[in-house]
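Down below are the structures I want you to see.
Paired with chain B in one complex and with chain C in the other, chain A is shared by the two complexes that follow.
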Partner chain A sequence: MIFIDLVVCLLAIVSAVWAIIARNLVSAVVLAGVVSLAVSYLFLRLAAPDVAMTEAAIGAGLSTVIFLIAVRRTEEEEKR
Partner chain B sequence: MASRLILEVALVLAGAGILLSLWRLVRGPCPATRAVALDTLTLITMPLMVGLAVWTGRGIYVDVALVYGVLSFLGVLSIARYCDRGV
Partner chain C sequence: MIKQLVGLLAVLAVAALFVALLPLMAPTELGPVTRHYVEQGLVENRGANLVTSIVVNYRGFDTLGEVTVLFLSVSGAGFVLRRREGLVPEPQRRSSELVQTASRVLFAPIVLFGAYIFVHGHLTPGGGFQGGAVIASAVLLLLLADRDRLLPHGFLSVIESFSGFGYVVTGFVGLAATGSFLANRGVIDLGTWNRLFSAGVIPVIYVLIGLKVGSELATLLDTMMHADQAGEGHR
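Entry: the complex of A and B
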């Protein structure tokens, strides 16, 4: 069981660092979604299922869509 | 006792799948590849949560996997729409 926890921690750390240094903004949004997924599992592992459910709803559903809309709007502003 | 062993083997195999998806996520050349890796990671993590529920014997953990399964397609769908013609 500790092996899975270490793998998910590695996933969260690598995805967070790669989201910062990624050149493409859409790739950064995808990597932020992966960080949300890994953190949701870690909340579940720390015996907090309500926090994990909120993180799943916000991170998977809302945050990715809002970030993509923001990227789209700022691209249109930059082209002018 | 045998079911415990089967659960341990399944969890280790899920960890190997997470490592392979992480490789594709880091090395992916375009955002569409990373979106597919995100979908694969979601599909691996959902049975991981259910296995954690079996391991600890708490039924509330299944609900989290259910909520994630219902909501995870939304992010991949919006990324696909963005790659096609914008949100």
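Entry: the complex of A and C
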């Protein structure tokens, strides 16, 4: 179990750093969503299911989509 | 070179601060307020989920503020991104019939699941915010499958306003009945522990929060999906 926790911690850190250095905005947004998903697992392991649900639904789900929509809108603007 | 050195020093300073503050972050014993929540929370609110008792009852006023912050940000987004008046058919690929039908079939169960989460907020993990986000994700599925679909903004804002109003009214009912805003004991019968109709006004408030958050996030998604092309309104 602790092994899985360590892997998820590592996943969160690597995705966070990768999201910062990624050149492509869409992959940066998706990687930020991966950070949220990993962190929500860690919240669950730390016996905070309420926080885990919020993080999974809003962090990994809705905010990722909202950022993706924003990226698409701004790209449309840049092309013109 | 100097710039990198300063950056490195700043990182080291923050790291030293973190190490110095580490013992403060994990207190080994409960403070007086925390002790009261843990020991008296079940007696005073009779909610099976102590987190909900704290969020909605002991710190209900803070939650009202949080809901207001969400409302302000959504109305700000709605103000900046106006929805296109009358749909201009965009040259975009339509989703297949399969995807559209499946999204409509899945919509109802996902909304039901969100409602389940906030109705059982005082019994199981989760509550108004989580349930509302799940409902908004169901709406998102519908919007992604069918780009031309427009949500009834009037209907959603009526739900949103009435649930926000209901939250404040519940607070004032507590004020009238017991003399403190958002009071729980002495307003509605607390009922039996771990039953659906228990914990006094907590489930009432969480249902209102769930409806409010769900309709707000759905409106935000709809506004963003159908926003006017940036800058076009000014030409």
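Keep this in mind: the second predicted complex is superposed on the first by the 80 of 80 C-alpha atoms of A that agree within 3 Å, B and C clash if a C-alpha of one lies under 4 Å from a C-alpha of the other, contacts with A are read in each partner's own complex, and residues count from 1 in each chain.
In the analysis below, a residue touches a chain if its C-beta (ideal position, glycine included) is under 8 Å from a C-beta of that chain, and two chains touch if they have at least 3 such contacts.
As the structure is a prediction and not an experimental result, all values here were calculated from the model.
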Contacts of A:1 with chain B and chain C, given as first, second, both or neither: first
Touched partner set for A:78, first chain B, second chain C, both or neither: neither
Touching partner for A:69 - first (chain B), second (chain C), both, neither: both
Between chain B and chain C, more extensive residue contact with chain A: B
Which superposed partner A:61 touches (first chain B, second chain C, both, neither): both
Partner chain in contact with A:37 - chain B first, chain C second, else both or neither: first
Set intersection of chain A contacts, chain C complex versus chain B complex: 49, 52-53, 57, 61, 65, 69
List of chain A residues in touch with chain C within their complex: 49-50, 52-54, 57-58, 61-62, 65-66, 69-70, 73-74, 76-77
Partner chain B, residues of chain A touching it in the complex: 1, 3-4, 7-8, 10-11, 14-15, 18, 24, 26-27, 29-31, 33-34, 37-38, 40-41, 44-45, 49, 52-53, 56-57, 60-61, 64-65, 68-69, 71-72
Chain A-facing residues of chain B, complex: 8, 11-12, 14-15, 18-19, 22, 25-26, 28, 31, 34-35, 37-38, 41-42, 45, 48-49, 52, 55, 58, 60-61, 63-64, 67-68, 71-72, 74-75, 78-79, 82-83, 86-87
Residue ranges of chain C touching chain A (in the complex, touch as defined): 49, 51-52, 117, 125-127, 129-130, 133-134, 136-137, 140, 217, 220-221, 224-225, 227, 229-231
